[in-house]
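Consider the two complexes below, in which subunit A is the common component and subunit B and subunit C are the respective partners.
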Partner chain A sequence: MNVRLYVWQRATAALMAPLVLIHIAVIFYATRQNLTAADILSRTHGSIVWAAYYGIFVAAVSIHASIGVRNILAEWSPLSERRAGLFAVVVGMVLMLLGVHAIVALVVT
Partner chain B sequence: MPETPSELSVSLWRGGEDGHYRTYIVPRRESQTVLDVVTFVQRHLDPTLSYRFACRVGVCGSCAMTVNGRPRWTCRTHVAKVAGSGRLQIGPLQNLAVIKDLTTDMEQFFQKWQQAKGVFAPSRTRNEAVAEIRPGTPARVAADAAIECINCGVCYAGCDTVRWNAAYLGPAALTRAWTLVNDERDAGNAARLQAISASGGCHACHSHQSCQELCPQALNPTAAIAGLKRRTAAAYLKGEIKANKG
Partner chain C sequence: MSAAGLKHRGNTLWIAAMIHRISGLALAIFLPIHFFVLGLAFHGGAHLDKFLRWSDQPLVKLAEGGLVFLLTVHLLGGLRLLVIENLDWRDGQKQLATLAAASAAVVAFIFLVRVF
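Showing the complex of A and B:
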């Protein structure tokens, strides 16, 4: 890992720390209030705030996790750093796609 | 010597990388060090045994070996401390190529010192006045913290990251770099921070802290490496260094 990846991984970790806490708090709230899927969707539909919140979260997760996967592969697998990096880019893109798909379902459709 | 067995069963690594342990019986003595044991075998039982030592008082850093699975400086390790069962297994340091028996090839270890720019880069010539350094400044305190490294290689041999990543510079080289990064007289920091930010540099450290646990000089390389991570990240964000490939 070089200094650029290090900075990105630490910065996204710092960003995710409060986001994870809010996410967990929301889950607790939703279950305690016995909210149904329809209740939740009615609140998130068309909400720019929720779209921005989960949009930032998904971007941070995709970057953070793909750098981690790259490091693990570079250290533990026979893959070269370059190949591990390429594989990690694919992992990051898949995470991003899945995340964006979920946000669209939550906010738009 | 109350309650001390009169003999010690000692297994010593013999041969190169594909060698094996051979057992010797060595008389137990009071205040006996592990280096004393190895020396006894070489002088009285098998003169073909190869091992390294020089000062015998914990200054030179030559005699480190793996003692009962753990890297140690053998001249300052008492048998009574490590061989409670009356058995000793002594092998060459791990993470370094074995030359023969208990001697390892330290070239890679010292090359990484060079790679981490562990050499002092003077900022003044001999014609200028000697720099006035106050011992209490935070930078000098940080530099002094690791100045007593004796290059024994114990931290390098005990480092998991070195084992997994052959390019990793290791705790000793990075601690040396941290000492110089904090040395106000040194003028080589731009190149040094660049060198230790590459793949295999300080960011490869997982902070397992084995180096801190094992260092015979009670230094804290993990803290030094954490300092380098902070310093290089700040230098990168300020545009003082560039991200190396990898």
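Showing the complex of A and C:
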């Protein structure tokens, strides 16, 4: 892993630490309340706070996870560093697209 | 690889590094599914509601407990790494790694107690 990727992975990790703590709290709250889809949407729909929170989260996790996948492939698979990097870019883009789709579904539509 | 070459694999900190890596990989595999399910809320919540009812099964709840463990252990393991890399060295890293895994197990257990 080069220095640039190392810094991105550590920076996104530091950024996500408080976000993950909040996410775990949300998981505990949501499962306890036995929420329906209507309950969830009534809390998230039109909320700039949820959109911003999960927008930052999705961007950070897409970068963080794709760098992690690249490192694992480069070290544990027969793929070259270049191919591992290309695969990781695809992983990151898929995560970003699905993540943004989820946020739009929960907050906008 | 010789037995001597594999000896480090029994070390607590090697196991901690492996748990961090495997938990991260598992979460990376889970994430697209998670996002896809949340995307079911598109144009109303009928599809999402159907999924939520399906997820109300004991095996699914157990799997969710596993995911809570993976997320917590990856968070705590990552925090330990950030502290090692950015602050002064502290002794007791093996104990901290064990504490991280034990804390994640406790969080997952509390989750399971609440959902069952």
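FYI, the second predicted complex is superposed on the first by the 108 of 109 C-alpha atoms of A that agree within 3 Å, B and C clash if a C-alpha of one lies under 4 Å from a C-alpha of the other, contacts with A are read in each partner's own complex, and residues count from 1 in each chain.
As a working rule, a contact is a pair of C-beta atoms (placed from the backbone, for glycine too) under 8 Å apart; a residue touches a chain by one contact, two chains touch by 3 or more.
These numbers come from a predicted model, not from an experiment.
Look at A:81: by the touch rule set out above, it reaches subunit B but stays clear of subunit C. By the touch criterion stated above, A:69 is placed in contact with subunit C alone, subunit B being left untouched. Of the two partner chains placed by the overlay, only subunit C lies in contact with A:109; subunit B stays clear of it.
Put simply, more of the residues of subunit A are touched by C, taking subunit B and subunit C as the two choices.
Touch criterion met: A:99 reaches subunit C, while subunit B stays clear of it. In the superposed pair of complexes, A:22 makes contact with neither subunit B nor subunit C.
Once the two complexes are overlaid on the shared chain, A:1 sits against subunit B while remaining clear of subunit C.
Of the two partner chains placed around the shared chain by superposition, neither subunit B nor subunit C is touched by A:90. Contacts of A:10 after superposition: both subunit B and subunit C are touched. Applying the stated touch rule to the two superposed structures, the overlap between the subunit B and subunit C interfaces on subunit A comprises residues 10. Listing the residues of subunit C that touch subunit A in their complex gives 21, 24-25, 27-28, 31-32, 34-36, 38-46, 48-49, 52, 64, 68, 71-72, 75, 78-79, 81-82, 85, 107, 111, 114-115.
By the touch criterion given at the top, residues 1-7, 10, 74-76, 81-82 of subunit A touch subunit B in their complex. Per the touch definition, subunit B reaches subunit A in the complex via residues 164-165, 197-199, 201, 203-204, 229, 232-233, 235-237, 241, 243-246. Of all residues in subunit A, only 10, 13-14, 17, 20-21, 23-24, 27-28, 31-32, 35-38, 40-41, 58, 61, 65, 68-69, 72, 91, 94-95, 98-99, 101-102, 104-106, 109 touch subunit C in the complex they form.
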